[in-house]
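Presented sequentially are two complexes of chain A, the first with chain B as partner and the second with chain C.
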Partner chain A sequence: MTRPSGLTIYAMLYLAFLYLPVLVLPLFSFNDGTIVAFPIKGWTLDWYRQLGAQETLLSALGNSLIVGLISAMLATSMGLFAARAYVRYRFRGKEASEGLVMLPLVVPGIIVASSMLVLFISLGLKPSLTAVILGHTFLALPFSVSIMKSAFDDFDVSLEEAAFDLGSSAVEAFRRVTLPIVAPGIVSSLLVTFTVSFDEFVLAFFLSGNDPTLPVYIWSQIRFPAKLPNTLALGSLLLLASILLLVVAEYFRRRSSKSTM
Partner chain B sequence: MIRLRSETAKGVALSAPATLYVGFLVAAPLVILVTYSMWTQSYVTIDKTLTLANYREALTDPLVRLLMLRSILIAAAVTVATVALAYPIAYFIAMKAQRKTLWLLLITIPFWSSYLLRVFAWKLILGFNGVMNSALLAVGVIQEPLTFLLYNEFAVVLTLAHAWAPFAILPIYVSLQKIDPQLLEAATDLGNGGLERFLRVTLPLTVPGIVAACLIIFIPTVGDYVTPSLVGGSDGKMIANLIQVQFGAANNWPLGATLSLLAMLAVGFAAIVFVLSATGLGRRIR
Partner chain C sequence: MSDVNIIQLVDVEKSFGSFTAVSNLSLDLKQGEFFSLLGPSGCGKTTALRMIAGFQDPTRGRILIDGQNMEDVPANRRPTNMVFQSYAIFPHLNVGDNVSYGLRHRGIARAEIDARVSEALAMVELGGLQKRRATELSGGQRQRVALARALVMRPKVLLLDEPLSALDKKLREQMQFEMRHLQRSLGITFVMVTHDQYEAMTMSDRIGVMFKGRLVQVDAPAVLYARPRNREVASFIGEMNFLAAEVIGEDAGTLTVKTPCFAPLKIARNPNAVGYGNHILTGIRPEQLAIGRAAPEGYDATVEGQVGDVAFYGENVHYHVRVPGVDRPMAVSVPNYFHTVDYARGDKVWLGVQGASVIDLGSEDTEI
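Up next, the complex of A and B:
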């Protein structure tokens, strides 16, 4: 190792800046004091222990799991078919369709949230978990489409043609040949879209009504200084959950596409 | 010919659910938002005669003007700060780092977590009695807590420059990766020094990556709600906060709809101006 250059030192400092917030939450969640500041008074697991007894938290967790699972399945099934169309077929309006499907990534959250609220109310759908599911499916769709596109990119079409030659119907060939091969991509898409929904706040804040999801519950707790240690513990668990889910998703994504990295 | 038609049919059919779903959820709210914006509300009753009164109110209200302008300026500051801070990292990973994949993974992992929680963490870090002040006091760098850290535009810009980091690093990294090393060698052979070579070859070739990063960051930032709410204080409030109030406490949905539409127009206009000037600038450099 030679003496690190200025650029390397900058890279290290920048990395510290990137990790600072995600390390602060867990660090102070073990702090045996109610103020988030140095010096740390002592170490405790009490804040974590108290979480299990909070019923509103548990019901918010349940809501988030339901919303996450259903949105992930809806987004992934739509994404699966759309990605296959984009990779496999050339058709009129393909570019327009691909562009449109990516749109949810760039529209400011407050605009999506307010416009969906107005739309759903006009259609007679009150703020509810159903409304959140519909909104999260919308937000998660671009993630599913791009993951499934890279899965189909590496899929050898001749395998499917061989199945046809051997007498399979289109549905059968899809189920027995295509689906198993892109399965890692599907798992990856399910995990990523679930996490997108699980972590999403603004839309859920507008659309969840009386059934808060976990981020909406956390938002309501942030205002109370007395609840701070518990919120830290809960937040640390969520950080850990999201990162674990996405590490697993990344593992599956790489398995599904040999060519990328 | 028959095959082509069936290909079109298959493609359209398979992509239809996703296209229709997104298309409906983009177009329908827009129509309803426009309709709502031309209604008026007094207390709980909505008057459905079409009028431009909300637009008049929104465009002449100094608070709306202030928040809209501030949202655009903060988003611009965030974009510049994020890209400027991220460029050296993208350069480092693309040109110098030996383990590129590992570095790319390292810079993305912190962002595989809830945005709300990361902003919340910044609030704790920057607070008067917070992590940063207590650490600096303990080390003895400062004698009393710094007050400029939280509840102002600075906190908003810092928090968002953190939140958007990978969205700046990745596109710039990709455009740096695409540069043909022979071009850099040619520049050196023609007598360009390191800095000159960077300014005349590397930087212009990464303009597409920079433009992409700017758009990805700028557009959503204008309408950000969480960061101004948690770390912005009263000086750092943005247009999204005012929109939320209309749909929440103030319960004036027609005005909220109007503000949403105006914010959308402002973002679109600013983005178009930016893209046009960036492409113009790009051409002049070449």
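Up next, the complex of A and C:
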């Protein structure tokens, strides 16, 4: 037996600090009691059962799904074309444009949210799901661009040239060769951008108005102690869904770098 | 091979910004010939090929294929097809779908497509492999699929960009013969780009040698080897011993030259070389020099020297022999068949040469 080194102990503590709270959430969602504290009183699935009967929750879930799907599609289609251009061509303002696309990763969410609110209202767009979709597309774009860039990095340009050489038009070559080859990257980007939108709170809080998305709904429920166990159950389900989506996305991302020879 | 010009390049030039990749390229390629563009990397040969394919537009000049001006005709509507250096096999399609790619969505009946695909695959000896996945192919098979995919289109000209560079030596030699055989039996014009002189020589009817964007010499392999135009071509194709020479006499077809190490030699004028003066450059191929312990008899000139490095190649042996008056040792190649005498480093030997095997390379300082 070798004694664990200081570095190993540090790493363990670090991981525990990061993930233990996250694990506590699902644990208490099975607790037969409304107070979130040890010891656990007993085990129950009631909190999960009650979720299906709450209409406001279901409508918030519906809102989140709509916003997530549309933002994911918008961000991924824009990311697809932007990434192809970044990888393939050299043009004036390329660096500036790439930096600009990545900006949402570093700008504080609260700043983005409040300025978007001001901008949208001045444009006559009231807080609504449309506003959230626009905001989430903006937030998800850097993720989509990075994923699609790695897909295009492994893409041999002569594949498109070969298609062109064999009689395809530029559009046909893109549809019959480029698209199928980068498809795993597209799926991965759709999943990741959907997750980004689905979990996002600050922008949705500012821009959703009377149609809350799921995270906004959860925040509103946390204020009522009696509803806390329900919220924990809901949160656990969301956590599970997010992890699943990201695992699947990673699987597709890896497949995309493997399939291009 | 016929006398019809299938491809004509007229004063073609291609610049990228201030860099001129190809300048003043004029070339006529005959219907049915196997033509190679040979040169070191960066000499513009690939750019020339891509201009014929339509992937790049010439900055100046015209390209005609089968008499038709190709200006404004994009690659997808040219009667040419290309085998790419990376082969560019579509990884998401199987072998059959790769080969039929250019035939589908063109209003061709399914049955005819299938027949043409089978025929093309049989041609490259991959018959029956339609269902094989592209990712499961070996390097040699990928090369064959790329060939079949281009040939199934029945192009007037097949363009090949370093088609064998990704293969190992054994496979490369085998494919050289197979491709040459395929080209002869189909009668399609092949234009190949390569940096490998042996590949170009074994496969081509004619070779165009390019340096720094310029086409320096176009000739059949044997002519290129025996009558290179200048030092560049002579040193790129095979090995060559260079000797500066003084012209001390000349008549219609011959020159009498004095080299630093041999008695005056009567050599043939090289019709390819340009720029005569009192001083020219001459070259002697290593296999044209005779070597012996005593002065070889029956040779126009002989010189005594000393053996330096010895390199054994299997089919022949190369001796580097130092002779007085010449800075670099002379390379002498002796076929192993005749190799009854072993010379070791430091041995005194005699070299013999015939005037007829000394090559006139023209004035060394002449710009071509």
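The rule we apply is simple: the second predicted complex is superposed on the first by the 256 of 261 C-alpha atoms of A that agree within 3 Å, B and C clash if a C-alpha of one lies under 4 Å from a C-alpha of the other, contacts with A are read in each partner's own complex, and residues count from 1 in each chain.
Just so we're on the same page, a contact is a pair of C-beta atoms (placed from the backbone, for glycine too) under 8 Å apart; a residue touches a chain by one contact, two chains touch by 3 or more.
Values in this document were obtained by computation on a predicted structure and should not be read as measured data.
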item: Fit-or-clash call for chain B and chain C when the two complexes are aligned on chain A; value: fit
item: First (chain B), second (chain C), both or neither touched by A:218; value: first
item: Spatial angle chain C-chain A-chain B, Cα centroids [nearest 10 degrees]; value: 100
item: First, second, both or neither for A:201, with chain B first and chain C second; value: first
item: Touched partner set for A:246, first chain B, second chain C, both or neither; value: first
item: Chain B or chain C, by number of chain A residues touched; value: B
item: Partner chain(s) touched by A:10 [first = chain B, second = chain C, both, neither]; value: first
item: Partner chain(s) touched by A:167 [first = chain B, second = chain C, both, neither]; value: second
item: Chain C versus chain B - closest C-alpha approach in the superposed model, Å; value: 5
item: Touching both chain C and chain B, counted on chain A across the two superposed complexes; value: 261
item: Contact set on chain C toward chain A in their complex; value: 53, 55, 74-77, 80-82, 84-86, 88-92, 101-102, 105-106, 134-135, 149-150, 153
item: Interfacial residue positions of chain A with respect to chain C in the complex; value: 156, 158-159, 161-169, 172, 176-177, 180-181, 259-261
item: Interface residues, chain A side, partner chain B - complex; value: 5, 7-8, 10-11, 14-15, 17-22, 24-25, 28, 35-39, 77-79, 81-82, 84-86, 88-94, 97, 100-101, 103-104, 106-111, 114-119, 122, 134, 137-138, 141, 145, 195, 198-199, 201-202, 206, 215, 218-219, 222, 231, 235, 238-239, 242-243, 246-247, 261
item: Residue numbers on chain B that touch chain A, as the complex places them; value: 7-15, 17-19, 21-23, 25-26, 28-30, 32-33, 36, 85, 88-89, 91-93, 96-97, 101, 103, 106-107, 109-110, 112-118, 120-122, 124-125, 127, 129-131, 133-135, 138, 162, 165, 215-216, 219-226, 230, 240, 243-244, 247, 253, 256-257, 260, 263-264, 267
